[in-house]
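These notes concern the structure reproduced below.
Naming follows writing order (A, B and C), and every chain is counted from residue 1.
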Amino acid sequence: MSSSMAELKMVESSAADLTAAVVTVSDSCARGEREDLSGPAVAQLLLKLHFSITVREVVSDDSIQIQNVLIRLAHDVRFVVTTGGTGIAVRDVTPEATTAVCDRLLDGVAERMRSEGSRNTPFALLSRGVCGVRGRALILNLPGSPTGAVESLEAVVHLIPHALELLDGKTEHG
Amino acid sequence: MSSSMAELKMVESSAADLTAAVVTVSDSCARGEREDLSGPAVAQLLLKLHFSITVREVVSDDSIQIQNVLIRLAHDVRFVVTTGGTGIAVRDVTPEATTAVCDRLLDGVAERMRSEGSRNTPFALLSRGVCGVRGRALILNLPGSPTGAVESLEAVVHLIPHALELLDGKTEHG
Amino acid sequence: MSSSMAELKMVESSAADLTAAVVTVSDSCARGEREDLSGPAVAQLLLKLHFSITVREVVSDDSIQIQNVLIRLAHDVRFVVTTGGTGIAVRDVTPEATTAVCDRLLDGVAERMRSEGSRNTPFALLSRGVCGVRGRALILNLPGSPTGAVESLEAVVHLIPHALELLDGKTEHG
């Protein structure tokens, strides 16, 4: 979409500190039984949009492990992106782990990922990924499939630089 | 809509165990003062979509009673559908009762019922119905009016067989 | 939009008691350092739609102060509208304060404000404003900018008279 391209250009022109980390949440990737395709795909898109990726990590579908990684990364970078663990199976716990470490959630970001995603696949509506604020960092959950992760990120990434500026206290209305 | 018809066909071709129960939540229906039109309408649509209805029940707008019915039915069937009690009046407690017995909620399903419903009546936005997972079962809250119940179900029923497969552990991405 | 105009006309023909209060949530307005433009803009729109404004107040971005104002006003009027404090900065606490004093939330109203708002500005998706019920009153959070506040109110105000009737117990389906 041309409007989407225009929105993505907004990312490039931001003055915010666009440090980012990418976390792949997957038991099989963590065990080395499966190649992580989503993490690199997400990182590639972020680099293209002029985010600087400081780290990529792979973690099991374990709530405590996920929380620890998010706490550590949210201290070091402004934008922490996860991929995986957003589904409805019992072992999918990324949204719960993210909610546990966030100060507040931005429901509108999750709503937009789902509604945009459902244009490509109706099952995007089943994704439970959240977006939240922890300190001065944003944490965003993307689905586990490479295509779903990239499409979800594209649907909302234009909001991130402005959101980071707001977290820096750059507001217009008091 | 033709796209809707295509989506409904997806339901028919699913390999999942499509057992379903329909629960009418209504004080007046439970007292026998009003004919239950919504329960039969929902059951008829589910049958047409090749779900097998194992039971239909009528329960008062009482949170504990609703919870007990949902717990029992979610043990026996894969898809428990309620109709009624999703409004904003004090006695409308179906969403709270459902949330209380669910392991996790699928916000995207509720969002879609509201946004699709609002095309027919703006007041669909006031519906508070939720969709959640309890064990291997899905529980879905529909509004109390026959038309609203059927339209809301039609808006999301194509997601159910895939969701049930995911609950069975049939996932592509680990 | 013509459909929007039709919906706004629905407000005018309602039989509900359309008493309203407008609360501006802003540290700088409360200190008198900034002129409150949003409160008057919201009040003007409500008057045009035949709501009777009983009071306008200005309060700091302080959760306890906001809660106390909302509790008091929800006792006196049917529709309490706030403007400001819905963003993602640390001092934005209006949604949390509103949630704390509400019996239940109407997620569909917040969803619609965000999705409609994002047609004008993508950053509307970052708004965390909620709509909730307290007793027989509705409380609605609008963003802090005059334009954002008016646009958000226009997106959902047609739902208010019907919602107030439902809170009065005027339901069709039991």
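Methods note: contacts are C-beta pairs under 8 Å (C-beta built on N, C-alpha and C of every residue); 3 or more make two chains touch, one makes a residue touch a chain.
Since this is a predicted model, take the numbers as computed values, not measurements.
Chain contacts in this assembly form a complete graph, since each chain touches every other chain.
Its C-alpha atoms fitted onto chain B, chain A is found rotated by 120°, rounded in steps of 5.
Mostly differing positions are employed by chain A and chain C in their mutual contact, as under half of the interface residue numbers are shared between these two copies. Averaging C-alpha coordinates per chain places the centre of chain A 30 Å away from that of chain C.
Shared contact sites, meaning residues of chain A that touch two or more other chains, fall at 111, 115. Those residues of chain C lying in contact with chain B across their complex are 7, 103-109, 111-112, 115, 133, 156, 158-159, 162-163, 166-167, 169, 171-174. Only residues 26-29, 34, 38, 84, 87-90, 96, 110-111, 114-115, 118, 122-128, 143-145 of chain A touch chain B when the two sit together in their complex.
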